[in-house]
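When the chains are written out, they are named A, B, C and D in that same order, and each has its own residue count from 1.
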Amino acid sequence: MTQVALFGAGRIGQIHASNLAALPGVQLRYISDPLTHSAEALAHALGARAVAVEEALSDPAIAAVVIASPTTTHSDLILRAAGAGKHIFCEKPVDLSVARAEACAAAVEQAGVACMIGFQRRFDPTFSLLQTRLRHGEIGLPEVLNITSRDPAPPPLDYLKQSGGIFRDMLIHDFDVFRWILCEEGRDEAVWLSATGACLTNPAIARAGDIDTAIVSIRTRSGRLCQINASRRAVYGYDQRFEVLGSKGLLLAGNHRPTEVLAMDAAGVRTDGPEAFFLERYREAYRLEMAHFIAQLQADAPNSRGGRFRTSIQDGVAAQRLADAAALSFASGQPVTFAA
Amino acid sequence: MTQVALFGAGRIGQIHASNLAALPGVQLRYISDPLTHSAEALAHALGARAVAVEEALSDPAIAAVVIASPTTTHSDLILRAAGAGKHIFCEKPVDLSVARAEACAAAVEQAGVACMIGFQRRFDPTFSLLQTRLRHGEIGLPEVLNITSRDPAPPPLDYLKQSGGIFRDMLIHDFDVFRWILCEEGRDEAVWLSATGACLTNPAIARAGDIDTAIVSIRTRSGRLCQINASRRAVYGYDQRFEVLGSKGLLLAGNHRPTEVLAMDAAGVRTDGPEAFFLERYREAYRLEMAHFIAQLQADAPNSRGGRFRTSIQDGVAAQRLADAAALSFASGQPVTFAA
Amino acid sequence: MTQVALFGAGRIGQIHASNLAALPGVQLRYISDPLTHSAEALAHALGARAVAVEEALSDPAIAAVVIASPTTTHSDLILRAAGAGKHIFCEKPVDLSVARAEACAAAVEQAGVACMIGFQRRFDPTFSLLQTRLRHGEIGLPEVLNITSRDPAPPPLDYLKQSGGIFRDMLIHDFDVFRWILCEEGRDEAVWLSATGACLTNPAIARAGDIDTAIVSIRTRSGRLCQINASRRAVYGYDQRFEVLGSKGLLLAGNHRPTEVLAMDAAGVRTDGPEAFFLERYREAYRLEMAHFIAQLQADAPNSRGGRFRTSIQDGVAAQRLADAAALSFASGQPVTFAA
Amino acid sequence: MTQVALFGAGRIGQIHASNLAALPGVQLRYISDPLTHSAEALAHALGARAVAVEEALSDPAIAAVVIASPTTTHSDLILRAAGAGKHIFCEKPVDLSVARAEACAAAVEQAGVACMIGFQRRFDPTFSLLQTRLRHGEIGLPEVLNITSRDPAPPPLDYLKQSGGIFRDMLIHDFDVFRWILCEEGRDEAVWLSATGACLTNPAIARAGDIDTAIVSIRTRSGRLCQINASRRAVYGYDQRFEVLGSKGLLLAGNHRPTEVLAMDAAGVRTDGPEAFFLERYREAYRLEMAHFIAQLQADAPNSRGGRFRTSIQDGVAAQRLADAAALSFASGQPVTFAA
């Protein structure tokens, strides 16, 4: 029975908590949150105990922690958990600062613990089937990747102000998808990146120093090309698609729909729009990523490189480097090139 | 240069006329219509001459006639054209009376002329590709055929009153599709047929002795099954689909759409409905069936059985027998069985 | 906390068990199965106790039973549970004999307990959204219902031999869908039914006295029409669709797919086929029907008519009457009419 | 009767010729081609005369010329036709040199003749319906445009060597679509453009100094964003799609398919791929653009600005400027900015 502590009892923490509770061979023992009543309510519902982080980390029975607290707390919790010898699942991003993220990766390695980052898209059934079929050569060599990534509506301004900006907050998922799909586990990598964008949905976002619409182009060392388009507002729902052109065909990952009802009337044919937002679209992905984390921990003694996780802390750092480059490219109007 | 006369300058006659005009190696020489001004207008636009039927039939240069006049005139014109030794293309149906239709078939055979019936669905690109792939064994042996056949709106009551009823006027196309898809050129045939229906769109149709909605079940000698559903009203457009279950899969012929625009908004996803009506949906089919008629005539001396046409007068008679059976089944509430 | 006993620890019993375990406010206390080790394994995994039926029924703490045992045991267990004053969820069918099913319904009523039948399709997200939109008048009055119901492959012959035949075993779900969609809670009803079919997949099925492919036509008192087509074999997957033509449009319930990956190559465009079988397609429906059963029980004191369940024992009896009629129609080659 | 001369009897010339022949009120009088037998064969089939360019231009009965000859001859023919006072339809591009294209535009203006450029995509039924609905405000203000533009296979190397490169030869259509969709008849314009690309299909293309795969990002003065992805090879067919995100929704123009046959088997669901290439996909667009050209000429005396054509010579020049900018950006690795 693997004993786990959860840090963060908010929306995403609750999802991880209920997924952990449904997994065989796992006990969610502790839940920590500065909002004590949130931690207690969640703990009560699931037969866990609400405790302070320190108490959870000092219990030798705890094998792993799940970090689902606000972004600003991630690096500190990673360092403390690594120091306590606990294996770590951490929501993205590792840290808004690449330097601090790298320090976390170093600490994790030194401590010899495993650390998985919550890039849940790699566990989405549609996305992961596409990636598997791509790796099996179904469309030959990948050449061009087009990613569409749109939220239904912008988050509150208060959130935006401390989000790190659209590239670090929102496109970081897309940078990870780019690496996952086009870079083939490090055999290729970005060498040129150009980004631009605009604030089109709400002038207050511009006043807060951010944009809401962005497009990015990336070229890899071997000449593969990637386009990302992202928007904070798609009134028709959460638009999460990508497609890969290969030498022998195309693979396209479409949106998921709540139902398969189709209606026809004098105005044409209507079907469901995409799932409303990430909690709906990635419900199954969240379940599968936590199952993966636990299964890998239980398979054998994990090493510090997290090599056996589908998404390691190194993946988290690499995606943040691309997000930093995109922010720089947008600010300067110039492309960013990466040393070979 | 094959010289042709056209009988009937109405809506469908105009379509055949312009398709004939665009075919190489054909001259549309005469056009006949009791409405002289219609014949003259059409003839003028296409460089033909408006004449009486008798004059067209007595010109030895005329090799073939195209009959696109009202249903009540078909059998008389077939008999006269056969008597004059002209090859014949005739719109469905041969005649509302099976007996008269059989007399036409006999006259055609005796005269040694070719006679093709305008079951244009067999020339629709989607339907004919499906049939070809079915015959090539793509889904193994066909087992179940489901036909959906819906008009956008009922025709005028005056038309309905002399139409012969929904089974003879509208489902005759579907009975031909059933024979084309499931009966494999006579190697199988209907042995049991059951029909029912109702008047749901307009009580005046019931007062005129007809119905507007019908469903039919057919079983063939070898146990293949067919369902037809037909309605005089589908407010979303002209609904023309069928699907075939086979031992190794399914083939489905979907509706055609005017464009491929897709719209997404808060209400969902919208695409075009089907083509508005038969002139739009079967535009290409009308073109291809006339090209087929002329090409077969030009290929060599056609024999009286019309065996080389995709749709012979025998096909026309056979579809009418099924329509009669369906009308009888509906009226009696009992199935009709056919001698083996 | 509602205490529940489960009878039957097989495939469908395991599904109900885990759905019950995940529901708040419910305790799955007992599991009974003649295969003791199955009951014990399932009980152990979920913290329940494996006991004999009698012990479960005699415990006054038990409020409800879930019957997921073989068909032949249903009526006996319903009678015993009703006699013990327990509310009942029973898998379809109530019994292969309509007379015994009616006796169960009478016993349930006399005992004043609630009884829900597991017509899970009414809880499928696609089907139930369609039905809700239909009831809200989105396409006006329903006129024609077309149901496609195909299994991926025939069950073992041993199962078939005691299944009651294709109409009672397989189409009973479709008869329930017919009543749910077209009969509007008893305001309309079947008055004429005609069925035919054939054995096309395996001669051994015919030797066992059954068929594997069937089509049914139904007309209601108000003239609404229904077509059902069913097959024991669709090599492309579990095909579960229906569509309703209404006076103002069409509503179509399509198949669910495992993923939304689309592939394009020189051979065309490929997407996922439908879910493999009922456990996959109706996974969510099974979850929702059990949640509905428990929620209705907890809402207030249920009455014996089960009026507050979406699927009552009366629905179960009515579907079986239609299945009997279809079997009779097929055997006789004649339609069956129902007294008004 | 508008009298027209055609220059060029190759593949695209033949299409324009047969479209002209089918238009009422037009006579295709002359056909010129250095390959005399090509001109004569086409002229014979359509009742025209094969003559030298000079003879056609010197006939005062000729009102308009259609230029469908090789790219290198376009500017010369435009200048001569304008000098002869003929209205002009010219295939894209005006000229590979923007300076020469501008000279053509000036000559056309000075001569007071109309000049339409053959950007046939603006006449594609799907694309033009999308644009109309966009202009009618269906999705609010346009914000992001994504264009996918892929040929099934690279053209011969000899063609590529004199094509002007992928940006001028292939993406020029996409730059026109960008201006048509996002720039709203000059009320917005590109201010920033970044392009990159690679040679991925055939090293011989790189040795010829070209690439086969390109991606472009454009930002307009008002902050609208455009992404173009183009490839010389999509083995699944001619991939021509675009989609527009607006403040109130999304409009997507999908590929056209030859038929609507859908097949299901154990390997999944298959439908037709896109039309094979531009002659198939844009067959209707070619017909409609020529009808538009003639109709506008016949409507009244056209002015030299060609303002009444959907695609003027100014549109041709503007698209070439963007193509030049993209080629420069790719070569330099830097974005190009345009003076406000």
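To be clear about the criterion, contacts are C-beta pairs under 8 Å (C-beta built on N, C-alpha and C of every residue); 3 or more make two chains touch, one makes a residue touch a chain.
Bear in mind that the values here come from a model prediction, so they are computed numbers and not experimental data.
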{"item": "Chain of greatest Cα-centre distance to chain C", "value": "D"}
{"item": "Which of C-D and B-D has more C-beta contact pairs", "value": "B-D"}
{"item": "Centroid distance [mean C-alpha coordinates] between chain D and chain C, Å", "value": "58"}
{"item": "Geometric centre distance via CA averages, chain D-chain B, whole Å", "value": "40"}
{"item": "Overlap residues in chain D, where contacts from two or more other chains coincide", "value": "235-236, 248-250, 264-266"}
{"item": "Touching residues on chain A, where the partner in the complex is chain D", "value": "141, 143-144, 146, 148, 150, 192, 194, 196-201, 213-217, 219, 223-227, 229, 231, 233-236, 239, 245, 247-250, 333-335, 337"}
{"item": "In the complex, chain B residues that touch chain A", "value": "235-237, 264-273"}
{"item": "Complex interface listing, chain A residues touching chain C", "value": "22, 125-126, 129-130, 133, 138-139, 248-256, 258-266"}
